[in-house]
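In what follows, chain A forms one complex with chain B and a second complex with chain C.
== the complex of A and B ==
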């Protein structure tokens, strides 16, 4: 009898110690995110924002009484290595929760994996990656919602207000750009716009002289561009050199990279007149104290870590991903993927970037893509981009800070 | 971009897969000098002697650790240069970050107008300098004693030794020249478009393809092969489809090697 009692006591002690040890273990959140490659600049800024959120949460004592640990790997903006990274996060690092990489092309390859494993995945600025696979535990923190309507719609609406009737498309031959451009074509067709030029190009192209020459020859009123950072910079430069012709009333739309400080700084006045999507710009109609306070803290650390010093585009939204996890875990007192997904699906998420409600495919129910026109940029001083009046918001109406000017007028 | 590789790989038979990384290094070195108000082309020219010395050092290390021991064959030499390329990439990321970098000059962002056609000045400058560099190298290799010695070392090292010349010294010198071209070619690279530390991955296949298509070690052939591939890619891009454009280089290479195994201008 004494032996049995000793054994029971030993098991009880071991269980208590085990539970205590688990309580001491941090909550592991895994992410593969570009630190190198074409999206490396954005990825570094995004990761810094998540690290700031982690530090803030841990300073408050963590979640469920446990500290938060962020485990991240560089996906090199290379879709082929992303499934391997997420398999490692799940099987070797044994993370509790997953955040998706930044971007569409690198997120698409892990959608089958997370669906098969029944894992919750917080999306990170990807576009339409769940349209086909329909994973019910996908929640994309990106302001464009499902489909291309919220993205291409305001751009083409503005173009039609200026009398645009013909359109030229340019798109990188990659997942994001093709998804966006395909949507853009459908919206243009529905609006009765005539496509006069449509050209895909290989990703990472460095010279666009011939394509811009062809756009000029097509005499389009509207030029809708879906490009990645290095290409966006090369396109802006080629437009300055070759010119798109006097018929063009609006140019831009889906150019990734024109939101990144180093590219904005390098291009300077060449950006004037371009109309491009964004998530946040420092116009008076859009500033909110929470984002401003965060950006003030972010810019100090960004400067020290040689990361995008402005941080308007991705960092507030990445911090918001952390806030959503914090809210869901706090409310459910659980780390179970299904329980958290159920909460995220049914509740309004209160974040720094606003209240977010997800639809059935895990995208924002109410999209809020900002279309802004670069204006009045002089020289290469980066600090000017912190001031209002440099990126005039033309849509959505709630944040509108000015009317769209025709490209030819706004570029001078 | 391929002329330097035409020397190091085409003539010296060194599996220099770090050549595109050296080009990107040249581009970043140019970027750094432009920050002090220097013209990118002038910066590229000024960097050439430094890159020459750097090339001498790299070859000497490669010779001491691999070639002299007879272990340069197979994957070891390639692994060595991949390692160097990786170190260059990481070094650039640590020094400059991962963002794309560009430079400014009077001939960047403006165009020459011929009737209705506008040609970017940066492309004209890049073409002119590349033409001058290729011509100079071709003349150097065919008209000077050292140049002819470089060609000789490619044909028969033993015979050169019998003539009283030191093949290792000649090869080291040639590798230095090949590396020096990376400084100027890197300057042209950043003049033409934005660069990032990982850009070399994009050029590894194409640069080797141009050298083999031209015929190993042919300078004029390198220029012609580069033009052929560029025009063919553009034509395929606009007529057949984007997905096929990257395959053009190797498609043409396969056809040419099938018909003419020595390459277009190889002997």
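== the complex of A and C ==
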């Protein structure tokens, strides 16, 4: 009898210890995010923001009484390795929740996987990846919503206010740039703008002198550019050297890279006058104590870890992804994908980048792409970009911090 | 006979694997390794046997992938026919490229193959039917053939079949008169020509077969990813790996590329999800340098020297 009692006691103790161990296991959140390749710079900053969120949550005691563990792999900005990474996260690492990679091409390959496995996926600045798959547990944290129109609209509205009638397009032959310019072309057509020049160029081009000369010869009022980081820098330099002619009232629109600190620092005053899309700029109309506090803490760690020291573009939004998960888990007291998705679908998410509501395909219901004009930049001191007045918000109206100046006036 | 029995056994193992291994990650990672076996084997037919270094693996791979995608989109062609179509198109490309460039030798031929990759990538970027530069999402068929429970398992099985066909072809070429002719071209093309070896015909045949196998490896790519876009389909990584794997395994024998691909492909898969993905490319570079310097005949050369004790003859 004594032996039986001992055995029962041992089993009970083991069960209690087992349950306790289960309770102590961290909540695992998995992500594959570019640390190398074309999107590596942005991916590093985004991952740092998520790590800051993880540390903040864990400092508060975690979620559901459990610490948060972030498991990340470098997707190399290479779509072909992403399915392997996400199946590893699910099958080997056994993560509880998933965050999508930064970017569209690297997110698209995992959409069928998450749909097949009924997994919640928090999107990370991708574009339109759920249009065909229609996964009902997809929530993309990107300020442009479900269409490319959010980018081109404010830029072309502003151009028309300055009396622009003719437009020149130049776009990289690559996914994001083509999406952007397709939206721009559609809006320009709807607004009755006359396209006088339209040129695609191979990605990673470095010499834009012939294209800029052609734009100048076309005598366009508006120059809508859809480019990637290295090209954006080369275009700004080419415009500074060759000039686009006196007819141009507004130039820019969709230039990826002009949001990243190293490029902003390298170009300095050459940026003056360009109008470009952004997700966040430190204007008084847009900033708030939460974002400011976050960016202050971010910049200290960013300097130490040698990533984008400004961190305006992606980091606040990646921190916001964490906040959304925190809100959903806190409210539902659950880690079940379906339960969390239901909550995310029905509720307004309160994040430091603003209140977010998702539509039926998991995109922001109300897009708000910021269009800002570089002004008054002197020298190559990076710290000046932290000050208001360097990137004047011309749209959307809710954040407007100044009126658009014609390119010729603003560049000087 | 033993070879074919072994091949059948491997195919049977791939078929029953889902009964024992349920982790989908195994099939995702395994598919990539198998894909590299085909690419390395295909590269070795022209690069290893004939000594013509092809840097355009990405072009042949992508032509196979995009042919399959175009036909799948147009008429929902089944996977088997997509692979045949991809192989046929890439084989024709190999023949065409061969006709245009195989009169060039050495580095000039290699440069021409890089140029072909760039030209074709630009064409695909502007071909909107298959997504152009934006890429094209692919919805996999809802019906999964045979007893497989998900499409990745089926793709793994299909790629195993392609591997066995590719290796069988490489073995046939190596052990037959074609292989002898190609080796003669590699050692001294002028002497081979003077000895009556039909050098251009053999090189064209090798380029066609090599291209077709690379196209066959590329055909299921879009179904594997559920998405296709030019920069990953035409990636230089395919060229680097397809070249590095036979060199590491040994180019003189059909088994060399298989060993190299299994070794390098597996290490890459492990490194990607353990140490760092950045190390992935470094691993290829370091292994390539180490083998070129210390073991120019690859793993096979080491085996011959240290296990069979045959020396350098």
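Please note the rule applied: the second predicted complex is superposed on the first by the 393 of 412 C-alpha atoms of A that agree within 3 Å, B and C clash if a C-alpha of one lies under 4 Å from a C-alpha of the other, contacts with A are read in each partner's own complex, and residues count from 1 in each chain.
Operating definition for what follows: a contact is a pair of C-beta atoms (placed from the backbone, for glycine too) under 8 Å apart; a residue touches a chain by one contact, two chains touch by 3 or more.
Worth saying up front: this structure is predicted, and the values here are computed from it rather than measured.
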Worksheet item: When the two structures are superposed on chain A, do chain B and chain C clash or fit side by side?
Response: clash
Worksheet item: Which of the two partners, first being chain B and second being chain C, lies in contact with A:376: first, second, both, or neither?
Response: neither
Worksheet item: Given the touch rule stated above, what does A:241 touch, chain B (first), chain C (second), both, or neither?
Response: first
Worksheet item: If you stack the two complexes on chain A, which partner ends up touching A:202: first (chain B), second (chain C), both, or neither?
Response: both
Discussion item. Taking the superposition on A as described, I'd like to know which of chain B and chain C A:330 touches: first, second, both or neither.
Written reply: neither
Worksheet item: Is A:75 touching the first partner chain B, the second partner chain C, both, or neither of them?
Response: second
Discussion item. By the touch definition at the top of the document, which applies to A:293: first (chain B), second (chain C), both, or neither?
Written reply: neither
Fill in: Contacts of A:84 with chain B and chain C, given as first, second, both or neither
second
Fill in: Contacts of A:35 with chain B and chain C, given as first, second, both or neither
both
Item to complete: Using the superposition on chain A described above, determine whether A:108 touches chain B (first), chain C (second), both, or neither.
Response: second
Practice prompt. Tell me which region of chain B runs into chain C after superposition, given the options 22-30, 76-84, 130-138 or 166-174.
Written response: 76-84
Practice prompt. Using the superposition described at the top, list the residues of chain A that contact chain B and also contact chain C.
Written response: 35-36, 76, 173, 200, 202
Fill in: Parts of chain B lying in touch with chain A, wherever the complex brings them together
89, 93, 97-102, 108-111, 117-123, 192-194, 196-198, 202, 234, 237-238, 241-243, 245-246
Practice prompt. Would you tell me which residues of chain C are touching chain A in their complex?
Written response: 23-26, 28-29, 32, 122, 125-126, 132-135, 137, 139-140, 150, 152, 221, 224-227, 229, 231-232, 235, 237, 269, 272-273, 276-278, 280
Worksheet item: So in the complex, which bits of chain A are touching chain C?
Response: 35-36, 73-76, 78-85, 87-88, 90-92, 104-105, 108-109, 111-113, 116, 129, 131-133, 172-175, 177-179, 200, 202-203
Worksheet entry | Touch list for chain A against partner chain B, complex | 35-38, 40-41, 44, 76, 173, 199-202, 204, 206-207, 209-210, 213-214, 229-230, 233-234, 237-238, 240-243, 257, 260, 262-263, 266-267, 270, 306-308
